[in-house]
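Below are the structure tokens for one structure; questions will follow.
First chain written, first letter: the chains are A, B, C, D, E and F, and each begins at residue 1.
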């Protein structure tokens, strides 16, 4: 970890036992501590708020599968050209789908993929919410309901797309660097 | 509270004691429970992750004043034309600045305001991060350092601008309605 | 009037009797002389051409109510982020509608408002004419006719939206400052 | 005049003597009555407000030459892709400059022309005011002053660019057709 | 040919007999050697690749008439504001259509023209492909098939629109100047 | 080759000996016949014009290295979100640079890469030429000369960026699918 993870010089203090344990669990499960966590670790309160939000959103109960949430993450990050999130979540899509080419499609242009009508509606909503949030109207929500999404699903689609609009911008603002390991994963 | 707060039908269960206490504290301090909290209350885990993030970001320790953070919130929301955030955080700027016209400027066009060079640099960074996150480069961070911001300040500017890019999109996606009381506050 | 009304230094000569009478009538009716008039007063010919156009457009005979014309004014100014026009015409919408929150919606994002289908069509036309004038086609006019607008109404919608695309740009170009009184009106 | 001049059906009443005289003067001076005037003639009050504004702006006293004002008109209309204004004012630039290719450059892309630094600054200001009015700041006005424009000149540049942002939109909204004669003029 | 044809200084060697013959044929047929050819002539391999592509595309067998291909060329160049291509291909549209005003419409805004439904679909596809290539989906191809285009026609529409997106950018990048003769042709 | 390579149904005739030989050489050198060639093979004249242009541009003599030309190809394709070109040329960047992460940066956001000042200038020119061709001015060419590019280099940068603006659009228009083999190459 000699290389810089962000463009900012934010000295990290001694980590608490809880954070150390959390990072150890990451190592065990993922084989690495995602750099985004290391980036937030200069302030454990911020780190915890981030992981609480993230884990609930991406791993918690939802009508959306984990893969679908990762697809949203990558499609939003593709619009925002976020190197960190495309690398980390592109790997997740490859892994969860078991289809490397599918992961690349999400990174490059999801319209190249052979999606269900429901998935396409989900991603088009995420695109509009990313590009023109002010223009979302009831008809956009209706389009999601029509293909079978519940109101709770709409919340989850919206929250996921919105979260990566935040995360992409934090990463861009501080030039956050993804762990090198992601590139080779699930190719 | 008979009016709908969002366009989604997400039944809210019995609130926990902790949440009830938190809402009571809001009533006491602000005179209302912000509708965004009521909107998240259908799932207390999501609510807590949101308030933890929000309170640290907007009320926690920072080199930025609370007013400056609210200014970023409103300027980002102005670009995204977010009715909820412009209403709630526009009121906050009016209150914290004691200058209603200043609050309106942040809502309408911050370039109309008589700002310090430092504040202008802060808001221009927030604008670029909102509009073109992919184009942020080291020179943009350098511009912030040059007018006196520390790397920690840059983190806070970035996090605040990024957070409202999320929050604006959640609000847009679900048509979140602000509490009516905001409109008359601090005029 | 010690404060500057615009960023330009355009010495104003002695006002004619007609202009003085006109300004007195403004004071009487509105409680102020709108700064835009003072800004044009360095050249009475320009002032008169402006007021003739403005008064016919916003106060003259039309199938559109005065409130509807002010709604168009504010929606166009919201896209263009015009501080002057949002302040002055936002006040007018609050006043004419008797609904301060409605005025804020026009300023922030008219899509948050509970509009009739006809008003929505009117404002969407104004938005397209503002953002992509080159792409207006017969189908756009047909959409207005379908919800009940006459050809004369279309002229008025078009003229009003077009006028504020001019006015927003004059105000932006010279940093025109609205009268402070507007902020507190009809809150 | 059997062909339609606009897409709107706005019956024109008997013209007043004053308007008939004005149109006769147009015929005499220009060889035609510009269709924009015929389009406004359904309401003489609107016609007069328009011609008063137009004549003062384009033909009245100014630090800008008539050619320079027409250049602004065409450059703004090129961004907005306004068929009416590009046709009518493109002809004016060809005529006033005596250089047909120069007129084409203004229509197609003014950056192809061999302009003075002052003219280039003038047109770049008009472009920014057209494309991003909200982002005009004092530095933009300073750039005009630096190449020799007075504050009154800035008013005129701004007013001209703003006027054609209006006029382009009226023409687009109603599909205004230019007189056929313009195409062959000054080739 | 004393005037510069591009902004680049690329010394042209002795032309081969084949190229000289080709240029002589241009002179004979068109009355001029298009400057784009002279610009490429510093490297005959590049020149030949360009003319082979161009001649097949614009003059070869196709379900599209030569005029239709030129219409696409001009409409794409209008979006990209390419002075070279608008001048040269604008002249071609005037010539092939025998209607100078029609040529101007393609240059200024093709939506002003009285087109068949099929031509309109063709040009709207070219516009979308130019402005938002990433958003082309099967429905866009279907829209072309529905108005009567074959798959081979779609290839030709796509290739022509794509080619001018290339050509416009080469011309812009090197400030390529059209032959003066184009301006007066077919007026 | 049972899967469709494009969305168009363009029956391919018997290939000529020359084309068969060319495809055999591709197989030998690259291990595959790039699908773009198969897509053009329905018309050998078009195929040859394409390969002549491509081979000269990407493999011919140039002051730019092959890697630099591939970097331009990928950066342009990233802006245009072209699935075909990002896949095929992303693989080429990985191969030529021997650095898989570098290839990903070009695909995702080249600003994440640690580039020389010269390479950065080259890519920023390609970006501007892609996004706003109409706004290229002499200062943009001067910026390239200043970091050491010759006029011939500028031609090559321009031609490469322009070519992929064409190629991206052909691929988008017909939904061209890259060979599956690219995904795993040089990871």
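Quick note on the criterion: contacts are C-beta pairs under 8 Å (C-beta built on N, C-alpha and C of every residue); 3 or more make two chains touch, one makes a residue touch a chain.
Everything quoted here is computed from the prediction, not taken from an experiment.
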Next on the checklist: Going by the touch criterion stated earlier, list every chain that contacts chain D and also contacts chain E.
Outcome noted: C, F
Item to check | chain E reached from chain A - shortest hop count over touching chains | outcome: 1
Checklist entry - Taking shared residue numbers divided by all residue numbers at the interface, is the value for chain B and chain C over half (same) or under half (different)? => result same
Checklist entry - For D-E, which listed pair, A-C, A-E or B-C, repeats its interface with over half of the contact pairs the same? => result B-C
Checklist outcome for this item: When D-F and A-B are ranked by contacting C-beta pairs, first comes A-B
Checklist entry - For chain E and chain F, what's the span in angstrom between their mean Cα positions? => result 22
Checklist outcome for this item: CA centroids of chain B and chain F: separation to the nearest Å works out as 43
Next on the checklist: Using mean CA coordinates as chain centres, what's the gap between chain A and chain F in Å?
Outcome noted: 29
Next on the checklist: Touching at least two other chains at once: which residues of chain C meet that condition?
Outcome noted: 81-82, 109, 111, 134, 136, 175
Next on the checklist: By the document's touch definition, which label belongs to this structure's chain graph: line, ring, star, complete, or other?
Outcome noted: other
Checklist entry - For each chain, which other chains does it touch, given as pairs? => result A-B, A-C, A-E, A-F, B-C, B-D, B-F, C-D, C-E, D-E, D-F, E-F
Next on the checklist: List the residues on chain E that touch chain F in their complex, please.
Outcome noted: 7-10, 45-46, 48-50, 52-53, 56, 60, 80-82, 125, 129-130, 133-134, 136, 138, 141, 151-152, 154-155, 157-159, 161-163, 165-170, 172-175
Item to check | chain E-facing residues of chain D, complex | outcome: 78, 81-83, 86-87, 100-101, 104-105, 107-109, 111-112, 175, 177, 180, 183-184, 187
Item to check | Complex contact set, residues of chain C against chain A | outcome: 109, 111
Next on the checklist: Under the definition above, what is the set of chain F residues touching chain D in their complex?
Outcome noted: 134-137
